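The next part holds the structures, each set out as structure tokens.
Same chain, two partners: subunit A is paired with subunit B first, then with subunit C.
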Partner chain A sequence: MQEILRLAIRNCLRHRLRTMLTILGITVAMAGFVFIRTFIEAWYAGVKTTAKNRLVVRNAVSLIFPLPISYFNTITQVAGVEKAGYGNWFGGIYKDEQYSSFQQFAINSSYLDLYPELIINPLERLAWESNRQGALIGRQMAAEYGFKVGDIIQLKGTIFPGLWEFEVQGIFAAKSADYDTRLMFLHWDYLNERNRTEINRQPDHVGFYMVKVQDGFSPAEVAKAIDERFANSYAETLTESETVFVQGFISMLATIITALNIISIVVILIMLLVMTNTMLMSMRERYVEYAIMKSLGFEARHLYALLLSEALLISLSGFGLLSVIMAIAFSLPPQALLGDLAKFFPNITLTPFTVGAAFCAALVVAAISGSLPAYHITKLRVTEALRYIA
Partner chain B sequence: MTEASTLNHPISKAIINIEKLSKSYQRGEELVQVLDNLSLTVKEGEFTALMGPSGSGKTTLLNLIAGIDKAGSGYLEVAGSILNELNESELTKWRARHVGFVFQFYNLLPVLSALENVALPLSLLPMSRRERYERARFALDIVGLGERANHFPAQLSGGQEQRVAIARAVVTDPTIIIADEPTGDLDRRSASEIMVLMQRLNQELKKTIVMVTHDQAAAGYAGRILHLDKGRLLD
Partner chain C sequence: MSLAVSYNARYLITRKATTLLTLSGIALVVLVYVATLMLAEGLRQTLAGTGSVENAIVLQNGAQSEIQSGVTRAATNIILAEAEVARRPNNEPISSTDCVVVVSLKKSVDHKPTHATIRGISKHGLEIRPAVKIVSGRLFQPGSKEVIVGKAIHKRLTNAQIGSYIKLAGTEWPVIGVFDAGPTGFSSEIWGDVNVLMSSFKRDQFSSITFRLKDRADFAAMKRRLEKDPRLKVELKRENEFYESQSQGLADFIKLLGTVISVIFSLGAIIGALITMYSAVLQRTREIGILRALGFRAGSIFCAFSAECLLMALAGGVLGVTAAVLLSFVTINTVNFQTFAEISFAFRITPRIALQGLMFSLIMGFLGGALPAWRAAKVKIVEAIRTL
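So, the complex of A and B:
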């Protein structure tokens, strides 16, 4: 086996340019695969931060239609509801940005109790609760914009037109790195007050309610009970788990994700074709050598081992090169790696699953591209091969 | 592997025992008879040259004796095994044990040094790497190329390449050496050196050699010359 491996290494080095180009081709294809898989995983990253025992209550017609604030007391009285909160998507624009790269939610105080994964300084929370124009901002947002406690953030309202000023009262973090803390919490009371007096866009309504289900209760049963309470009302509710709710958002991009999945498979197929072509070219060039080896007593298993070793060496070299490139690429800040796209994927990371998938793809490509010529060679008759060369 | 001793057929003391061997193949519509009821016996330690015009069947006969081709009919016993009864895998193992090959175009692996080429067939045998390379070096010394052990085929002349090929053929101490036009690609002087070497292998190491050649001078080194024509032995 040692001799077979030595021969495989020497064979790989025989046409160095061809081998290098093949390795580069495989590296580029695998890099495409890894980036696509990483983007897909980044899209699903939000799902990881959801909790199964948290429910989202929204208008059954559409999320863009609000629900009356009067529902709050009714919801908190439903059996199985431990805590509840509510909020509105604010949709403000900071300075001259074309779109906001951080989310803003106008919430009530109890909303924060539903998110134990957020680390909020109690004193800062207290300061926020006592200031109607106060804001709590996430650590990533603070870092990105250089905000600190006491700063004034001015937003231009889009859903709720006008200029809005908020004072940063606290900066919170998250226990999980998957949690996107480019986030800003405002007071729903303040929003509602100005809405009622200046804007009059359905005041005393909220965009959604969040509910934490008590231990021992089925989230599905509690969701059903909430919806039954508001059946046949002018604003019927649709209650679903936070996970399903977030997945619903992602499913809006289902076509794009499906297309990306197909592209990632096509990339692997291209890699397979490149590799198989190289292996078949090598096989044709070495017909006589394989015939000689057979005549010397080398069996089918030896020739399989030789060709598979060559394919593995090339394929895994491609994977090795890819690993180096990825290690460098993902050690860079997202902004340097993705440019403006980084705003959409702030927590983009290379997961062990994606690396494992790329490694498996390299193994499968090597196995198939090595086996095809090996099968052909083992069926080759020595006399025919010798005549072919002569 | 089926040894001849296990069969009803009378066991020959000859190292090659061929009786009524025929081989044909289809060329388009036509059935070409390459070997026609050929019978031949070669004793252990004989140096036999097969001569004949192109298409006479000499290379086919050599391939059959070497176990790299299958006969159509007849009896073919080489080194104690009836080759017609062995499957592909058994034939491969048999070749590793009993046959050393010398080809017209040397057929060394270009990516291996002379020493590694000679040691290659030994990797199929149960021996340490050190032992393999010691034996390969010894075989290279026999053919006079000990000093060029680390040269690659591209760095050797045709005659030297053929010497390496001969070293590779003898390194496993095979029962029989098969040589197909071993001087066909060499100049007169190199051809003569190769034939002297082959003769030494036969006379000093008592190797049985079956050689196909067009070259009358090369055949002159053999102890026995057989002429084939249209698949039959003339002598």
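So, the complex of A and C:
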């Protein structure tokens, strides 16, 4: 067996350029595969930062319909509700950006208590609470735009028209790197007041309530209790866990995710084509050699092992090269790697699953591309093959 | 020269397996590339076709979509009294004051929730959108709780067929008709009477006002005047341009992602072509030597081998584009995150996209063939003839 492996290595080194190109081809294809898989997983990154015992209460009709602020007291009285907060999606545009690359929520103060994973300086929080036009911004957003405490951020309203100015009172971080802190918190009270006096677009309504379920209570039961409380009212609620809520958002893009999954299989096919081509070429060139080996007493399984190990050597070298490239790529900032696409995915990480899938793909490709020529050879007749001219 | 090329072309046929494997690789890359372009184009055409250049649409200042927008009745009255608005003989403006909301409904396949756009239209709402036709059932009665459903979604939603009831704002609304607006965004919507919908959803502002212009050329001046009016706080857009902008984000995203993926994939296909062509040159070193000895110039050899690879790539390109054209029969449904609602659109091929696909395959062929062809051209005659 050891001899066969040595022979396989020698065979790989016979056409160095071809072997090198094939390894490169495998690496590129696998890099494409890893890129797409990482992309798909980045979509689900938001789910990881959600909590199952945090509930989102929203209007049952759809998210664009608000709920009256008067529900707040009722919700806090439902058994099993530990804390609650509320907020509105603000949807402002910064300067001449086309879409906002940070999210803004107008919230009440207790909303922040629902997110122990956010690290907020208590003094900064106090400063924010005492300034109605204050804002708390996330570290990623602050870094991206160079905002400091005391800066004024001017936003153009899309849902709430007009120019809005907010003063940065604090910069918060998140305990987990998965948490997207391109995020800005404003005062719901301030939004509501200007809405009531200038805009009159359903004032005294909130976009959603967030609820923390007390330990020992079932989140599903509490959710049901809240919805029952508002059944047959003018604004019925739909309460679900934060996890389900975020998954619902992702499933909106189900079609695109399916398309990407198909494309990631296409790239494996391309890899298979390149590899099979190389293996078939090598086989044709060595047809006479295999015939000689056969006549010397090598059995079909030996030749099979020879070709398979050659294919494995090449595809695993490709995987090795890929690992080196990935190690370098993921140590760089995402902007350098993805350019404009980085905007959509702030927290891109390589998961063990993706690496494992790429490794399996390398094995499968080697198995198929090695077996095909091996099958040919096991069928070969020595006398005919010896006459063969490549 | 032509002899050399036909010699190379015939070689492709002799080495069937290798040729086929390499051109399949190129075909797959072209397929992915063309498919993403077709998807972005299908989306663009669908949204652009939604509006007419004859019409103008009014939204709240700053609003990026109809669901964000609110235009007061007072502002509406002022705008529709303007001289540029086209009128019927009885002096009524040819316009529609719409109320647009997004509602969560269930898909008929898996009963999972999806978002559908509900649009309330006023009396002349159909007149300013002549592409919209009722294909079965009838139009809703003004002032009654009835809805008609767009052709692209009436099969996709539960209870959206004629005779069923859709639950909106707490009550059941009978579906009494299906309308077809062609390949436009309207075909993915549900329509009802604007006044009934607004009172049911407790809205007191319109989402948008669409009106026919007496003269297209009036638009710019009217836009300038109305947007300056402090009473209105509105923005004016040409209807077709507005709806096209509604797909910009998704179309840009698809194109960007598709291009990045295609470029990575094409590297794989180019390497495949390189391997094949290097091997082809190596195997034929002796033959190349003979050709050179016969008087073929190095330049001709380079051209002939490049042509061999280009021919193979072009065949792959044709295969890829042909496969992509078959996708035209596929309809895609996804949520447009700008409008927050589901939209249905198809892959669309245009001559330009087909050409782009073929060009892409030729570029891959050139990059994969040039280096090996260069090596072929540099073959030393005497040594080559001596090789076995």
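Observations
Everything that follows uses one rule, which is that the second predicted complex is superposed on the first by the 379 of 390 C-alpha atoms of A that agree within 3 Å, B and C clash if a C-alpha of one lies under 4 Å from a C-alpha of the other, contacts with A are read in each partner's own complex, and residues count from 1 in each chain.
We take it that contacts are C-beta pairs under 8 Å (C-beta built on N, C-alpha and C of every residue); 3 or more make two chains touch, one makes a residue touch a chain.
Since the model is a prediction, treat every value here as computed from it, not as a measurement.
Once both complexes are superposed on subunit A, the partners subunit B and subunit C fit side by side without clashing.
By the touch criterion defined above, A:T383 lies against subunit B but remains apart from subunit C after alignment on the C-alpha atoms of chain A.
When the two structures are aligned on the shared chain, A:I268 is found in touch with neither subunit B nor subunit C.
Here the apex is the CA centre of subunit A, and the angle it makes with the centres of subunit B and subunit C after alignment on chain A is 90°, in steps of 10. When both complexes are overlaid on chain A, the residue A:K156 reaches subunit C alone and has no touch with subunit B.
After overlaying the two complexes on the shared chain, residue contacts for A:L186 are found with neither subunit B nor subunit C. In the superposed model, A:V61 makes contact with subunit C only, not with subunit B.
Once chain A of one complex is fitted onto chain A of the other, the partner contacts of A:A300 are limited to subunit B, with no touch recorded for subunit C. When the two structures are aligned on the shared chain, A:L308 is found in touch with neither subunit B nor subunit C. Applying the stated contact rule after C-alpha superposition, one finds that A:T22 touches subunit C and leaves subunit B untouched. Subunit A is touched at more residues by one of its partners, and among subunit B and subunit C that partner is C. Taking every C-alpha atom of subunit B against every C-alpha atom of subunit C, the smallest gap after superposition is 11 Å. Residues 390 of subunit A are contacted both by subunit B in one complex and by subunit C in the other. For subunit A in complex with subunit B, the touching residues are 2-4, 6-7, 10-11, 13-14, 288-289, 292-300, 302, 381-383, 386, 389-390. Subunit B meets subunit A in the complex at residues 63, 66, 68-69, 89, 92-93, 95-97, 99, 101, 103-105, 107, 109-112, 116, 119-121, 123-124, 129, 168.
Here subunit C touches subunit A in the complex through residues 17-18, 21-22, 24-25, 28-29, 31-32, 60-64, 67-68, 70, 101-104, 112-115, 168-170, 201-202, 205, 233, 248-249, 253-254, 256-257, 260-261, 264-265, 267-269, 271-272, 274-276, 278-279, 283, 332-335, 337, 340, 342, going by the rule given at the top.
The residues of subunit A lying in touch with subunit C in their complex are 15, 17-18, 21-22, 24-25, 28-29, 31-32, 35-36, 39, 60-65, 91, 93, 98-99, 156-159, 161-162, 201, 232, 234, 236, 238, 248, 251-256, 260, 263, 266-267, 269-271, 273-274, 276-278, 280-281, 340-341, 344, 390.
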